[in-house]
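Paired with subunit B in one complex and with subunit C in the other, subunit A is shared by the two complexes that follow.
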Partner chain A sequence: MVDLIALTPCAGLLPLTVGNLALAEVDAGPIHLIAPFRGGQAATDAALSKALGLEMPGPQATTRKGAARMLSVGPGQALLLGAAPPALDQAAVTDQSDGWAVVSVTGPDAREVLMRLVPVDLHPGAFAVGATARTMVGHMTASVTRTDEEAFEIIVFRSMARTLVHELSEAATGVAARG
Partner chain B sequence: MRVAGFGIHAGAAARFRFDGQSFEGREGEPLAAALLANDIRLVGRSFKYHRPRGILTAGSEEPNALVTTGDGAGATPNVRATVQEVWDGLEARSQNAWPSLRADVMAVNDLAWRFLGAGFYYKTFMWPRAFWERVYEPIIRRAAGLGGLSGAHNPDRYERAFAYCDLLVIGAGPAGLMAALTAGRSGARVILADEDARMGGRCLSERFEICAGPAHVWASGVLDELASLPNVTLMPRTTVTGVYDQGTYGALERVGLHRAADPRLPLECFWRIVAKRAVLCAGAIERPVAFKDNDRPGVMTASAVRGYLNRWGVAAGQSVTLFANNDDAHRTARDMVAAGIKVAGVIDSRDTAPDSRDYPVYRQGRVVGTRGRLGLTSISIAHAGGVRDIRTDCLAMSGGWNPSVHLTCHLGARPVWDPETQAFLPADGAVPGLAVAGAARGVFSTAGCLADGVAQAASALEALGLAAPKIDLPDTEDDPYRLAALWQVPGKGRAWLDFQNDVTVKDVVQAAAENFRSVEHMKRYTTQGMATDQGKNSNVAALAVLADATGRGIAETGTTTFRPPFSPVSIAALGAGAQGKGFAPQRFTTSHAASVERGAPMIEAGLWYRPSYFPRAGEATWREACDREVGMVRGAVGVCDVSTLGKIDIKGPDAGAFLDFVYANTFSKLKPGRVRYGLMLREDGHVMDDGTTACLGEGHYLMTTTTAAAGLVMRHLDYVAQVLRPEMDVQIASVTEHWAQFAVAGPKSRELLDSLLDAPVDPEAFPFMACGPVSVTGVSGRLFRISFSGEHAYEVAVPARYGAALWRLLVAQAEVLGGGAYGMEALNVLRIEKGLLTHAELHGRTTAFDMGLGGMLSKKKDFVGRAAAGRAGLLEDSRQQLVGLRPVEAGAPLPAGAHLFEKTAPAVRGNSHGYVTSTAHSPTLGTTLALGFLASGRARHGETIRLVDHMRGVETLCEVTGPVAFDPEGGRARG
Partner chain C sequence: MRIPCPHCGTRDLREFTYQGAALAQPEGDWSPDWDSYLHLRDNPAGETRDRWYHNPCGTWVVVTRDTVSHAVTGGIAAREAGA
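Moving on to the complex of A and B:
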């Protein structure tokens, strides 16, 4: 019997450095979409809190405890990354671990580059560390999160990893050339 | 000619070429200044008459001095010489002239001007009608025109970007600088955008003082402070081109146009700026006066003449004259004198005009003619004291100033006529959140502009809830703007209004005479105000002439509609990043690399790339490969990547009821471990999509959609859950990307799976339309016994990280069993042989009834589309219904798109009984097959009809059959 070899979404594409911008694939661990059923928010938060020490984030926000973190991705929906979910009998839990390409965009020009692709105000005053948005990166629907002053995390469909890398590196090339 | 000691620009020497000749300029100065410095006055030929033209202005409104920069595919036409900065190595060519700028053959048009006035083309090129587009238009287009496109793929890089701010200040002249300073000191996020490379506006081209020093020095001080503020972003070389809803502004930034080409650097960037508030400080544009032959090279606006001197140290002539109707223009004469340049005379149309000891002033004066074919040599004037000729090589003219109100009109507001300034001013509240300051609203003195900039910014800050700081207003000139209206000098000959489109006073009068009295009609009849400059110099004068010709006031005549963009925006900038791979995201399956390695041609399926077929050695055509792949599935086993189909996870107490509502048939009674085919209707009763849905557990379903409709169905489910049935407790999540899923089809499919699964497939547990968890070499997966080929078949799914590995394993094992991978072509043949549907049939105009699936519409429950699907018109037997088609002569072509006719009826549109949707060569049955829709088709099985494809010249007799050509009993899939 053979073993199936696992490949990450950005295998062969990343890491990449353009100018002072570093693009790298993030091993986010397990990824699950958590969506409480009607009236199940409190019980879900309680269960998450007990098992992982965090609750579901509010709109455009994130929560974090150790390796486990949650990103708001829509009304009443959040992605749990970095930890397996506990048993949540009042929420729909959907495994999407292999469905997303997760890429970190890091460097002094990170915001300048993303301003070419993302129609959201990413100024630190409007989009502080920990802020997240479901938005567009070029023509792709995406989740964009600020992970540090000069670092963002972008999540797109796994199948679009190549286009994400292409769009980011093209935008970064133009920004770097401005000097 | 350069004037020593004048000018504030310190650029390094740079060589550039104009029409092949090498010149020296200074880096960063506009090409127009560099040409004037080299005494080049003739720069282009006019649009229609090919009249020699020079440089009229010193700004982005320039109508005449248009050149082409660069070469070949990278050439850019219609570049304004007043905007293009000189860099070492710049190449520019004049336009619309052949064989040369000085001797242009098409200037013969100018001799025939009496026949070529407004409406000439409309009146002349009328017959025959067939010549309009094929003969006349190409000829006219060749003769007239501006710069041309290369026709080659654009190799240059462009960019788009988004910016956000509290306050956007548009224009960095005296008003804009003060507005930005006021807001900047308050801590607001400010963007200051200006179309010039250096900010300062008229501070850079006038000799007035601010704070007892040169205005440009004051401007530099303000800019230094603004640059030091972290909350202020300066955007030079950025023209705000349009106003859109919700405080969104379009802006074009010149990024790489002013320096040597760098393939990594974008030429331009198109910005979308979202501003909570904005202040428009766009200044004003000086207007020419229409008099006979006012278009010669050397006739310029007065502010441009002194601007080239004061800012760039360049004299536009050696003996300058001035024709004006206002005090402001007299600055030009005074500045020339200060530079030691001869002023041969000042002609002022008014009774009272400032006197001078340095030059003669001719009051009640008019310029009535000019001479000099390729450049001005002299003018004729009439004044209070008589008539005379004056030798001059540069005539500066000023008919007053038009405030740049354009942006205030982009949301539909009309500017308001102000008799005092003889100008249109912005209407109050024209754009929500946009205030106007300075000359753009008719405040013309520098002191007035500074104060207005502070005041308008303070109001904007108050609206933002910010405190405006106290700002001391610097001392500066506060001269009155005295002016008497002067639009045209009556007389014989041609007096030009629109230099770019060769529109004269006579043309406008002619339009009025032919009853094109509305300003919008006049514009279209004469072409006044069209093309790249959009009549920035000329529109107001033209409508003043129209008002006069129609006996109305200017206010009553009104303006034409101002639309974005304010100045030209290249399409390449608007579409930046969307060329080639940037056009749309590309989606790749986990098996992509393996398919490409096998030489499979990849075809686009929506955004996805899927293999068309897998060629093997010795196969000369795609058909050979396709026929073999079909044979493999029918005879052994084939594997195909079906990951692109939409997979939607549906959970919740009401999940079953929800499915009952979105599907026409019933799902709530489906048992865990079972799969059912479902049909989904739109609200109008037509079929939206089909697919299978599996029940994975209590209240847990997995829906599959077609590849094409995956996004559409997901959106539809969200809509139903949120809007139509919000009371249902259900959650929906896409898992398309999480699972790699492969079809394993054929008589040996179970044998193949048994070689990979940790436990062999139990036929009892996996009858046709069953599903369940499996372990694939230790990986948790899912197995579905479904078939899109009509064979005993499965689909096996594993998390996508294992997709590439499982695919290679499946293909290798299939080949051991005499099968292999199959692509889209074979998949299509297999489903056509079985009469299975795709969006070729579910094309949006067909119903379940048409498909013969009317029985699937449940009568026991409500569902989306139920009422509409029950309309009598959608249930008539005469409707076109799904049928199979088989040629009478085996193998004859049955092209998709062909129409169906009764055997003897003429093949004309009215006689069409239907059409072909899908076609294939069936290697299994040894003939071509087709699916199509035929009127009353289900009642016509066995009938021979005629298929006609006029496009391909095909005519085939064929027999009408049921849709299922192969194994109609379905025993192979179930067995």
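Moving on to the complex of A and C:
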């Protein structure tokens, strides 16, 4: 009998500090994709609200209640992180807990670094705390969310974890070298 | 070029994949209309409509743009555009 060892997507890669930027893996808990069927949005929101105290976010938005949070990832689709979903008979629910790498990017230069990789305006005026975008980090499709004034969270497919850490550390090294 | 995604707002070209002319599919069985639909394309100097796929969010967008001025004048979700 072989004992399997569970490894997180960024095991051995993070945490990392480059200049004043801190990169760390986020243990997001369970992650489910929730996509209401046609006409099922209201019933899904009601069930989520009853069980977890939050509803599905609108475009480019997030919702949060305690440890449970949701972020919009496309028209009529959102990821639920940090809590198991209730029974939803009006939505497609997919457990993707092991499918995503979640990385926090924190520090005074966080926006400067991401500006080199993400083709979206991340100025606080256009991208406030709680905003999320389906966009790209380098060549990777990603969700980028602002979690605080100087903190972002990036979610990519698990298989992209090493590339993500490489892209972020390279960009951070470039920004830090400017002094 | 920047393209308006109805879900995400205006985004950089690199987030999109070009998916060809936005043409209405002919009705019914094989006919010369199908031949035109599959093989014949105009090459307009001016307004044109084509489909673009917004890779990060999965929205198919019908984009109206001008091939002379390069202005992008509109983008609506393909499921609402009827084409």
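Methods note: the second predicted complex is superposed on the first by the 176 of 179 C-alpha atoms of A that agree within 3 Å, B and C clash if a C-alpha of one lies under 4 Å from a C-alpha of the other, contacts with A are read in each partner's own complex, and residues count from 1 in each chain.
Definition applied: a residue touches a chain if its C-beta (ideal position, glycine included) is under 8 Å from a C-beta of that chain, and two chains touch if they have at least 3 such contacts.
Since the structure is predicted, the reported quantities are computational estimates derived from the model, not experimental observations.
J.: Contact-wise, after the overlay, does A:Pro119 reach subunit B, subunit C, both or neither (first, second, both, neither)?
T.: After superposing on A, A:Pro119 lies in contact with both subunit B and subunit C.
J.: Figure out whether A:Val73 sits in contact with subunit B (first) or subunit C (second), or with both, or with neither.
T.: Touch partner of A:Val73: subunit C, not subunit B.
J.: Which of the two partners, first being subunit B and second being subunit C, lies in contact with A:Trp100: first, second, both, or neither?
T.: first
J.: Determine, under the contact definition given at the top, whether A:Ala176 touches first (subunit B), second (subunit C), both, or neither.
T.: In the superposition, A:Ala176 touches subunit B alone.
J.: Given the touch rule stated above, what does A:Gly138 touch, subunit B (first), subunit C (second), both, or neither?
T.: first
J.: Is A:Val165 touching anything from subunit B or subunit C once the two structures are fitted on A? First, second, both or neither.
T.: In the superposed model, A:Val165 contacts neither subunit B nor subunit C.
J.: Kindly classify A:Val26 by the partners it touches after superposition: subunit B alone (first), subunit C alone (second), both, or neither?
T.: Touch partners of A:Val26: none, neither subunit B nor subunit C.
J.: Comparing subunit C with subunit B, which touches more residues belonging to subunit A?
T.: Counting contacted residues of subunit A, the larger count belongs to B.
J.: Determine where on subunit A the residues touched by subunit B overlap those touched by subunit C, and list them.
T.: 119-120
J.: Spell out the part of subunit B that touches subunit A in their complex, as residue ranges.
T.: Subunit B residues touching subunit A: 157, 159-164, 189, 255-256, 262, 264-266, 272, 274, 577-578, 581-582, 584-590, 608, 649, 651-653, 729, 731, 733-740, 758, 776-779, 798-806, 809.
J.: Mind pulling up the subunit A residues that touch subunit B in the complex?
T.: That would be residues 1-9, 33, 35, 37-38, 91-92, 94-100, 115-116, 118-121, 123, 125-126, 138-140, 157-163, 166-167, 170-171, 173-174, 176-178 of subunit A.
J.: Mind pulling up the subunit C residues that touch subunit A in the complex?
T.: 6-9, 11-12, 14-15, 55-59, 77
J.: Can you tell me which positions in subunit A touch subunit C when the two form their complex?
T.: Its residues touching subunit C are 59-60, 73-75, 77, 119-120, 133-136, 141-142.
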